[in-house]
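Presented sequentially are two complexes of subunit A, the first with subunit B as partner and the second with subunit C.
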Partner chain A sequence: MIAPAVIILGLLTFWPMALSFVWSFTKYTGLGDPQWVGFQNYLDLLGDPLFHQAALNTAFFAVTTMAVGPALGLATAILLNRKMRGRAFYRAAFFLPVTTALVAVAAVWKLLLNDGGIVNQALGLFGITGHQWLADPNTALPAIAIASIWQGFGFEMVVFLAALQGLPPDLLEAASIDGAGPFRRFWHVVLPYLRPTFVFVYVIGLIGAFQVFDQVYVMTQGGPINSTLTVVYYLINRFRALDLGQASAIAYLLVAVLAGLSYLQVRLARKWS
Partner chain B sequence: MSRAATIGRSAAIRPTRRIWRLSKRATLHLILIAGSLLMLTPFIWALSTSLKAAKDVFDPHGGVIPNPISFDAFHSVFTEIAFPLYFLNSVTVTVLIVGFNVIFDTAAAYAFAKLNFPGRDVIFGVLLVTLMIPSQVNLIPLYRIMVALHDMIPWLGVNTLSGIVLPSMVQVFGIFLLRQFFATIPDEVIEAGRLDGAGEWRILWRIVLPIAAPAIATLMIFVFLNAWNDFLWPLLVSNSDANRTLPVGLTLLSRKNTVNWPETMAGSVVTILPMIVIFLILQRRFIEGIAAGSVK
Partner chain C sequence: MKIMKKHGVAAVAAAMLTATAVTVSGCSSGGSGVASDEDQTIVVWDYYGSASPITAAVPEFEKTHKNITVQVEALDWDSMLDKFPVAVSSGAAPDLVTADMTWLPTFASGGLLSDLTPVSKDMINGKAFSDVYNAGALGAMKYNDTYVAAMYDFDAYCLYYRSDVLKAKGLTVPTTWDEFLQTVSSMAEDTDGDGTFDKYALQILPDSFHFAQLLAQNGGRFLNEDDTVAEFNSDAGVGALAYMQKLLDAGGIYWGPSEGDSTGMPGIKDERIGMFINGPYMMGVIKDGAPEQSGKWAVAPAPVGKQQGSYLGGTGLVIPTGAKHAAAAWEFAQFLLAPENQEAVFTAAGAAPATTAGLAMPALSEPDPYFGGEVPFKDFEAAMETATPFPYVAEWESIDSSITNALETALLGKASPKDALDAAAKSADSELAK
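And then the complex of A and B:
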């Protein structure tokens, strides 16, 4: 019964995974045979200023979205974690963007952030002069990060909401009886209880953030002056330039970083609990 | 203290307390309404822009409700640009991917949960490792494989819809999700089926699937969401309108130097709306499914 699944995964997941690992040590254009070059692709990347920039941009994107997204998600989850009128509506409103295609969302935000778009019009109401957000190398990546946070934090909200509903009420009551105010109850009871949820949210979130591509492809195409070039965007550029060896090496560097980060998070979580 | 005074005092306290509680509630709702509005504005603006004439898009006095309402953008997206085809492709690809995953993931998950065979746990462990590995690792060789497949069999592989479907037919996450659920089904239920002489496929079909309906619904939602919205792989593997999906087709509009905004927003609405409708219908399943997938 596992035969169909194992055969398909073997041919279309494990076999390509092995191939690209081998190719990452070769020069390969897709025509002819791959030429063995040892660690040359990796060394080239580590000395490539454009790759440095892509790595830095990706790290910036991951850090900002992961600093704000889960916090917003937790805040909305706490606000919604009670019996109240309109709860289902609010929850749907916050979650809605999660269900929509990133490229469509990116197209919409490209319109909102346009020179004459409503973001600038709204700022104009407060007497703030408009800005060409996506054309300025200093603001393009933060703008993409904001759009991505808007799109994604509903997921974290739902995950935190589910976890909060499992929080035993006696725990909070006991803390209240001990005289803990809302802030101390949150800090000493709720946060420790949510620790495994945080680990889950951050492991999943970082893996996703490090693969950012769709929004960049639509909103800025890596520009202006490479200020939004990301690792996966660079990988696809190398692929399109028929440098399959180097593209594969980028993919495996990404694997190494993500594996390292995930391991670190699980270790940290164990240490704190 | 006289009784009248006591009553008077508590009556004075009660309204202030009630006002305090009411104002707390009001603040909460105010924050949430403002938040919801911020969340929904981009959608509303996209819809509004899709119904405007191109010259009115950035009119600062244009407002939310287009005046006049123009269906030109939808008309040209559906006639001059191949959106009906993209839509059909998206539906085909999504239905096939969901169908294959229901069959293959379920069968594999059942075997991993309820059958004993040599190497079971090792194979499962190896599969789980792939959950942590970004899909970009596979893209390039997968593309070459699809090119080779296309050379052998012209109606398969690169630049056909099968090129989009094949790599997503089985998903490790789906196997994992269902295995967790199947593990909670008591062995006696399955043993009873075996004693009746039913084969494993029959047991899966007749006994396990009806019990597992909620878990399979969760799987279908996850797979559906990812298949409908998937972008990078369909972008790489399709080179003509005949096999572009909605997200890929949409980027042909949104990446132009001089974007036609009403048309691009009409395309976005066509891409987003089916998902929103399905989400609103299956809202509880969606949210419970995501929560279940995360807690387990």
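And then the complex of A and C:
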């Protein structure tokens, strides 16, 4: 029964992955025979300042979005877990950007942040001079991070909301009877209860954050001055330059980093539980 | 791109496998000849979009070539760039492709393009290549002394300017770098007083195409004669970038990648841009995008520095390696390059035909009401005479990226032109050494 699925998965996922792993040790344009170069592609990357910048930018993006996104998602989930008027509407409204194509969201944010966009116009109302957010190397990446957080925190909100709805009310009641105020109930009951949810959110979120591409492609194309060049964007550039060997090496370095981070997160979660 | 995001290069490989499943030819014939009794379907990849002169030529071609069916597949510029190598390397190459001339070094050095000599015998419609194109175009079509493309439209730069504004301000068309600086300064306005020019400014694109123009005019070149060492950081290169910076400061509007649309159409529409330097394809773009500005624009030769010079690009017709119907594809390419069909490059797409006979067609010498009743093509044709293509080295993609980075760095004031170009040259030398 599962044979067709295994065959399709093997053919379309595992075989190409194995192939590109082999290519990562070769010089290969896609035509002719790959030329074996050992670890040269990996060594070149480790000494490549552009790759260093792409890695730093990606790390900045991941740290920023994962510091703010889940916190915002949790705060929204707590607010929307209470009985309030229009609760269903707000839940749907916050989740809506998640269902919207990332490219469309990026295009809209690009319009908002442009020189004559709504953001600068709004600042102008308060007498504040606008800024070329996406054309300034200091603000381009944070701007992309903000757009990404806005697009993605609805997902984290839904996950936290689902977890909060599974929180047994008697736990909170018992804490209240013991004299715990709202903060202590949150710190000593809610947060420990949500620990597995945090692990899930961070594992999924970090994998997504390290693979950021669409927003960069639409909003800045890696510029200005490579300030928004990310690892996956650099990978595509190498692919376009027909350097499939180095592109494969970048992909496997990314896989290694993500696997390491995911392993660390799961280990930490086990330790804390 | 979505797949790529999720699985990186593995997805590239997956895409390559998937691409093998795509049938690109409806014909079982694998021969390269075009026997009159043999029906063939050729697949053409075309990035011209809705105003394609290629699609328009198909019915007439099929009438005169009963055994050849042409299947045109429309792809945008980016998709073409990504899919072309995958299709060729997976054995699913189309038969004929419109390729940006700037792609040729990478594609040709990667073995993705066929040598056209075996199929063409270096003849187009019975004429030698050298009788069909001028010297600049012939040079651009060759890689390692073999023809890998037949140029279909060309790109060489002239100055577009708002003639109504120029006249209203009592200015004259600039012909030298010094005059250009003065004119840009007088044209541009900062209406809200925020320190940036927001009306009738000169569009400054931080890309190697526009740097190439200034570099050539300042007597410089990208690489040395052997294409082994970067030379764009010479005094001529530094001077060219410093001049670009002066233009920006005098009355330019920085049009970086975040603006998205390198044509500048949003800025042209809302009049932030009053001058720009670009190729003939912009004539069609601006007419479509800003019809309300008809009669307000004009074209003139780009102001000259130490000498004439321009970037030379355009579109080439290429036959990919592994094309199953190369001879039939060449038949269609020749049809497209016939003077009467070259005219359609202008009438359908608003671009400039690349062949000398195509440029002589009557439609191109008719006064254009959009450009004040002038004949802009004569200026582009003149620009083509002294234009040169980018160096044809396999590493150009990376070198181009370093140069763009240097331009952004200097124009945004993060480094001096010399420091920025020196850093880029160091990176380019390292690429070339590989």
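Heads up, the rule we're going with is that the second predicted complex is superposed on the first by the 273 of 273 C-alpha atoms of A that agree within 3 Å, B and C clash if a C-alpha of one lies under 4 Å from a C-alpha of the other, contacts with A are read in each partner's own complex, and residues count from 1 in each chain.
The rule we apply is simple: contacts are C-beta pairs under 8 Å (C-beta built on N, C-alpha and C of every residue); 3 or more make two chains touch, one makes a residue touch a chain.
From a predicted model like this one, the values you see are computed outputs, not experimental measurements.
A.B. asks: For A:2, select first, second, both or neither according to whether it touches subunit B, subunit C, the two together, or no partner.
C.D. replies: Touch partner of A:2: subunit B, not subunit C.
A.B. asks: So in the superposed three-chain picture, is A:200 touching just subunit B, just subunit C, both, or none of them (first/second/both/neither)?
C.D. replies: In the superposed model, A:200 contacts subunit B only, not subunit C.
A.B. asks: So in the superposed three-chain picture, is A:51 touching just subunit B, just subunit C, both, or none of them (first/second/both/neither)?
C.D. replies: A:51: touches no partner chain.
A.B. asks: Residues of subunit A touched: more by subunit B or subunit C?
C.D. replies: Looking at subunit B versus subunit C, the one contacting more residues of subunit A is B.
A.B. asks: Give one of first, second, both or neither to describe whether A:232 is in contact with subunit B, with subunit C, with both, or with none.
C.D. replies: The answer is both, since A:232 touches subunit B and subunit C.
A.B. asks: Check whether A:251 is in contact with subunit B, with subunit C, with both or with neither, and answer first, second, both or neither.
C.D. replies: both
A.B. asks: Just to be sure I read the superposition right, which of the two partners does A:214 touch: subunit B = first, subunit C = second, or both, or neither?
C.D. replies: In the superposition, A:214 touches subunit B and subunit C alike.
A.B. asks: Considering only touches as defined above, state whether A:20 meets subunit B (first), subunit C (second), both or neither.
C.D. replies: Touch partners of A:20: subunit B and subunit C.
A.B. asks: In the overlay, answer first, second, both or neither for which of subunit B and subunit C A:42 touches.
C.D. replies: So A:42 meets neither subunit B nor subunit C here.
A.B. asks: Quick one: classify A:158 as touching subunit B (first), subunit C (second), both or neither.
C.D. replies: first
A.B. asks: Share the list of subunit A residues that count as touching for subunit B in one structure and for subunit C in the other.
C.D. replies: 11-13, 15-17, 19-20, 23, 30, 110, 114-116, 211, 213-214, 217-218, 221, 232, 235-236, 239, 244, 247-248, 251-252, 254-255
A.B. asks: Which of the residues in subunit B end up touching subunit A in this complex?
C.D. replies: 25, 28-29, 31-32, 35-36, 38-43, 45-46, 49, 57-58, 60, 103-105, 107-108, 110-112, 115, 123, 127, 130, 132-145, 166-167, 169-170, 172, 175, 200-201, 204, 225, 228-229, 231-232, 235-236, 246-247, 250-251, 253-255, 259, 261, 264-265, 267-268, 271-272, 275-276, 279-280, 283, 286-287, 290-292, 294-295
A.B. asks: If we count contacts the way the header does, which residues on subunit A are in touch with subunit C in the complex?
C.D. replies: Interface residues on the subunit A side: 11-13, 15-17, 19-20, 23-24, 29-32, 49-50, 110, 114-116, 129-130, 132, 134-137, 140, 211-214, 217-226, 232, 235-237, 239-242, 244, 247-248, 250-252, 254-255.
A.B. asks: For subunit A, which residues count as touching subunit B in their complex?
C.D. replies: It is residues 1-2, 4-6, 8-9, 11-17, 19-20, 23, 30, 76, 79-80, 84-86, 88-97, 99-112, 114-118, 121, 124, 150, 154-155, 158-159, 161-163, 166, 197, 200, 204, 207, 210-211, 213-214, 217-218, 221, 232, 235-236, 239, 244, 247-248, 251-252, 254-255, 258-259, 262 of subunit A that touch subunit B.
A.B. asks: Taking the touch rule as given, give the residues of subunit C at its contact with subunit A in the complex, in rising order.
C.D. replies: Answer in residue numbers: 1-2, 4-14, 16-18, 81-82, 85-86, 88-89, 106-107, 109-112, 194, 196, 206, 254, 256-260, 270, 321, 395, 397-398, 401, 404-405, 408-409, 412, 414, 427.
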